[in-house]
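As written, the chains take the letters A, B, C and D, and residue 1 is the first residue of each chain.
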Amino acid sequence: MGIGQREDLLHAFDRVRRRSLEIAAPLSSEDCCAQSMPDASPVKWHLAHTTWFFETFILEAYEPGFAPFHPAFRVLFNSYYNGIGAKHPRPQRGLLTRPALDEVRAYRQDVDGRVARLLAAGAGLEVARLLELGLQHEQQHQELMLTDLKHLLAQNPLYPAYSPQEMEAGMAPEPTAWIEYDGGLAEIGYGGSGFCFCFDNELPRHRTYVAPFELASRLVTNGEYLEFIRAGGYRDPSLWLAEGWDRVCSGDILHPLYWIASDDDGAWNEFTLHGVQALDPARPVTHVSLYEADAYARWRGARLPTEAEWEFAARQASLAGGALHPEAAEGDGLLQMFGACWQWTSSSYAPYPGYAPAAGAIGEYNGKFMVNQYVLRGSSCATPDGHARASYRNFFPAGARWQFTGIRLAR
Amino acid sequence: MGIGQREDLLHAFDRVRRRSLEIAAPLSSEDCCAQSMPDASPVKWHLAHTTWFFETFILEAYEPGFAPFHPAFRVLFNSYYNGIGAKHPRPQRGLLTRPALDEVRAYRQDVDGRVARLLAAGAGLEVARLLELGLQHEQQHQELMLTDLKHLLAQNPLYPAYSPQEMEAGMAPEPTAWIEYDGGLAEIGYGGSGFCFCFDNELPRHRTYVAPFELASRLVTNGEYLEFIRAGGYRDPSLWLAEGWDRVCSGDILHPLYWIASDDDGAWNEFTLHGVQALDPARPVTHVSLYEADAYARWRGARLPTEAEWEFAARQASLAGGALHPEAAEGDGLLQMFGACWQWTSSSYAPYPGYAPAAGAIGEYNGKFMVNQYVLRGSSCATPDGHARASYRNFFPAGARWQFTGIRLAR
Amino acid sequence: MGIGQREDLLHAFDRVRRRSLEIAAPLSSEDCCAQSMPDASPVKWHLAHTTWFFETFILEAYEPGFAPFHPAFRVLFNSYYNGIGAKHPRPQRGLLTRPALDEVRAYRQDVDGRVARLLAAGAGLEVARLLELGLQHEQQHQELMLTDLKHLLAQNPLYPAYSPQEMEAGMAPEPTAWIEYDGGLAEIGYGGSGFCFCFDNELPRHRTYVAPFELASRLVTNGEYLEFIRAGGYRDPSLWLAEGWDRVCSGDILHPLYWIASDDDGAWNEFTLHGVQALDPARPVTHVSLYEADAYARWRGARLPTEAEWEFAARQASLAGGALHPEAAEGDGLLQMFGACWQWTSSSYAPYPGYAPAAGAIGEYNGKFMVNQYVLRGSSCATPDGHARASYRNFFPAGARWQFTGIRLAR
Amino acid sequence: MGIGQREDLLHAFDRVRRRSLEIAAPLSSEDCCAQSMPDASPVKWHLAHTTWFFETFILEAYEPGFAPFHPAFRVLFNSYYNGIGAKHPRPQRGLLTRPALDEVRAYRQDVDGRVARLLAAGAGLEVARLLELGLQHEQQHQELMLTDLKHLLAQNPLYPAYSPQEMEAGMAPEPTAWIEYDGGLAEIGYGGSGFCFCFDNELPRHRTYVAPFELASRLVTNGEYLEFIRAGGYRDPSLWLAEGWDRVCSGDILHPLYWIASDDDGAWNEFTLHGVQALDPARPVTHVSLYEADAYARWRGARLPTEAEWEFAARQASLAGGALHPEAAEGDGLLQMFGACWQWTSSSYAPYPGYAPAAGAIGEYNGKFMVNQYVLRGSSCATPDGHARASYRNFFPAGARWQFTGIRLAR
């Protein structure tokens, strides 16, 4: 169900907008300004860009007598919408020490007030749809705020914690069970009614043939992944896609991102948003690339699921989540489909049969990225509450590791 | 049917091996030595590597008292088989002025003689299978010899012709017709018997649901593509995948590769293996990337076919080919499925359900490349006779343009 | 005369250390954290590194019971002293959002107090010498704080001013006069007594033969440089060193850094620490590379001076300076030798005959950079008061433009 | 004395032109076509470019009814003369498989004949001067043909020899003696009469003050350099210029270029134009960068000479040379000033006081390279007979190693 249908639109707007500020609250203005790689953006930029989205797609179109909060922001905080015009170069987002964090907060407040007034004046269906999209968009950026920030803090030899806290070791989960599915001719894609929300890339719902398959009952754990490492998994080219092996040979990929080998006893630590922690064998392995997920699966005599298989199985799974690091699996049945780690599939990100993006700049949201990316399914510990669903299609390049990505096996 | 089943094995071996030398015959030893980009290899290297394939996978395994022709060749002419050991760095293939072209010819003769003796002594089924694979492999390299050479010659401001000849303008083809297909639950993948040949990536044959679709009766022509250019197709970001637009903006992609704008009257020429020719509006556009094919299709309100759609339709198509540049379409019905240009599909190169590569180094042939590449279907004017079939899966990165790639629309 | 000899050592220490904080005072913590290119460092990093210098070379060596303020700072704020150990990678200085600016201020306060106590306890000559070196070192970084910050602010499309203020157009200066010097066998290098300060690269004073020469009475102005631009200076390869021309062709060098062409009327603006200002034809051109200085000189039928010529002439020049942008020349005689722009010489940065760096890590200060850099003489508007002298040798790569570099002609 | 004054101009022309072909004679057309790095050119390109020089600067200007041999050659074989027009991109010289080597030979023959006819018809002084320059230019390229070819062959794992032959170990040379020079006010630069030849960068002869100095009697040997390596010279940053140390750390510089460590016993071999040879401790170390020469000198408590010191001492040295690898020193006195290795000096390549290049495109010969290069003095084993003199200024970037560069110490 869409955010705006579950509650009064204005309440939803207020709740989601406040959440972004809560995420930034423990951070200094310095923390919010820096950019650790072109793929990641500063927290301040996220705060401004999500505001830009409402200003550009709602206020500019529907507010009587619209005037921009600041004329330069249209360019500064445009991410990739060519239909809107010029963009500030992505790798230089971290150089924007001005506007200051406080000015961005004022920007948010101004736009929030104007949107509220617009809604109070009785906005129509189109505004409601755009508002819903803007909130979903902001929730996506809320997850990125945490993962981008994690990447930044990890570059600092002091390894500062976003939320200092000692993590407790999880209970050893049950061994993986293989859950069988009959498959057959299945309907895939979002099937909710018009009052609910989905992104355009989940449409149209369409028929796909799914051969019988089995899915692992839970995600691969750190402990299981360590067996792969200790068995020489990162030294055996026969396990790897050629592109992945090139990255292993060039030293880009040596172990999951954020793992830190202790010099003394060879024990592994892991940098988390709670700071450096001893690697917990019970928790799911995370921050792996598709290359690593694929190599691990091959080593286990298994494979990654397709996105159709995953969605076929996910219809019965329960939603969960809301933490700063994935938790260990508990219980039995099909576990951790949501709320722990995004799960790499073997499916490249492609349009569903009959897919058509929206008209205008807003149509640049999804469709133009449908090449050389791979679909991840589920959700992660950092996905905002209420943002996940079985038909959701997340996507990243095969080498991306700074998201909370994990591995679920299929065969 | 496999090459080795259609004729006596030894005859096939002799015929295919001779053909490689014929392709090289018009070239100087200098032409055969140079490498114009890391993706392309020198003709001499192709001649040696295809020989290395027979020496390594057949003679080394089956010849009694095997000794290598030259111990260093095992490394020099290994393309990418980690299971065999070290490889000479790919970007440095053009620096191998030694062995000389004549030594490589002697290498071919030596290995050919030894393979012939092995066959004469009565080789078993396994040798026959490897020989068939080696011949198919050599045919793939025969096409690459021509496309790699074309790329090299195109770097030379003298624009030398491989085969000097004035090309005749084709007759204007019939307008594109849309051929309808019902689709349904279809069997996709190679379906021949064990006596015939296919690559492992065409297996297993499996069921797929194909929604009803229409396919264009012929390839997009130069004339039609010029309309796209003149309508500003290369200046409108809304038509392009984001990655493709980045390449347009950086100046990498401005028009099909090998097109040359005449300064005087704005008329286009095209560099071909027959030298520079006036661009023929009747012939199919070729040397385009997936990005361009996709943008063109979007501009026409159409899309690229999936590989399943293509294969579904191709079952009835007739084979053709054997030229140094694609010919204009003639006649009606479903034309140019084979023998003109490889046709970009929207399908990323992925394993079929249940796919398993062969054991050992020979298993590195296909599977490890199944990421970040896109499937091309059909065959081109440069594909050797007898090498094409409906289930054949060619694959290249989305930006590759130096193959004879073309566009067939679907909707 | 050394800083520490002109006034009580402790007063000097207090004065110089306070000055660094004054420079940072108008800036937000965000402004102080960002790094706009590998060559430039964040202001916060400068504040910490200059403190590290005193902590490492004085406290660590001379403070009884020394314990570091923070063990990680030894690595974090080491610039390039291999003798001290590991260094944080230079291009990643901008990612150090921690320690926060306030923590760095606390670091300064702590070290300042401990140095003061050490001095109060009666430090010997060696400590006094290191303290003097540390203060001179900090003054160098004070200039870099301004130039690095200017580079950062210039990347921001908002063009924020460090010190907002409208600059007044200067009076047109007198035409350049050529001042004649007889030359002869001259003593070059620092000639002060042991109580005064110079860097090791100004020693030993040595004999050099200087042929008769003429020096321009003042620096080249923006107005004169505009004539060069308008005459096609940036389009004529015959004026340029080959390396410089390559940079022109690649688009790296199109006009002095920070010049901004107005779209409307072709008028030039200039980004300064006072914000964007109309280009003042009376002020000296600044932020030019050696390539541009050399090309301009060639176009005028002149050349750049050697460092020996410059120093020969500078003996009588008066010191000046202390502004955020170079002022126009006023008066006659030899003007602007100090306090406006550093002046490119044609002399590569090389050791004087008999040069020997200090022993130990402190010896890495100058000597190891004596290759592929060029000497600049004089001082700039941003050079701290009391830091300049006739024998001072500043040095940067030929392409560096973010310092206040200018052009004085010779012939 | 100029080549053309020592003998009849036509004889000189014939002799030098023939020598280039002799150097190429043992090579295949493949060997002559490949380019192993942008800094090096194919032998065929050298053969053509030296011919282009005569065609462009003599025939085009002085031959009645001049028509080019081939219109495209003006661009293809222009090295860097912007005054002439466009140039084929330097890194792509190895892709010019056409014109074939035989066509380039025909080009040489044609131009040679036309130049000879021009001379026979009685050319004036200007033609004689240009011819002399063209011959000196060709001699420079003769040395490059050997060093560029050596670099190419060294990339080939087969290590082919240009001139296969076992090198005999040299007799251990006398220990280095330090030869004292008084220095004083000296005349530096070419001092010959107008009938003799020098490059413009050797002019004008001018006065320089040279402090008293000592020069090593011979070059540093492989044996001595091995002591440096074994003492950890490549692991001690305190010995290195910062730029050099960066290259050591990045793995670019680990030992002299072309040295090959034997796996078995740690013994060193050296790739030479005679093939791989055991490293001869008696011969001079060669193929070192300025960084290595400087670090070695520092380790020995010495330094590199300035070019003025070198020239001051070289006035009495005897010319020698003519081999494919430097020979060991024999005898006593000042040895190996010429004919073994080019000797790095600490002097950056800069114009002499009053230097003025020739007018027009020919003036691009030397002057525009006078930045970020260092002067080498003497000559090498590969320098053509009659090409060396005491005032000769060779120059390369500090990191260049593919020339026959060596080390002479000073102090």
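FYI, a contact is a pair of C-beta atoms (placed from the backbone, for glycine too) under 8 Å apart; a residue touches a chain by one contact, two chains touch by 3 or more.
Source: prediction; values computed, not measured.
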Farthest CA centroid from chain C: chain B
Here the gap between chain A and chain D, centre to centre from mean Cα coordinates and rounded to Å, is 59
So, in whole Å, the Cα centroid of chain C is separated from that of chain D by 37
Note: chain A residues in touch with at least two other chains are none
Every chain pair meeting the touch definition is listed as A-B, A-C, B-D, C-D
In the complex, chain C touches chain D at residues 80, 82-83, 185, 206-209, 211, 237-238, 240-245, 290-291, 294, 303, 346-348, 350-351, 353-354, 363-364, 368-372, 398
Contacts from chain A onto chain C in the complex sit at residues 28-34, 36, 72, 75-76, 88, 92, 94-101, 152-153, 155-158, 160
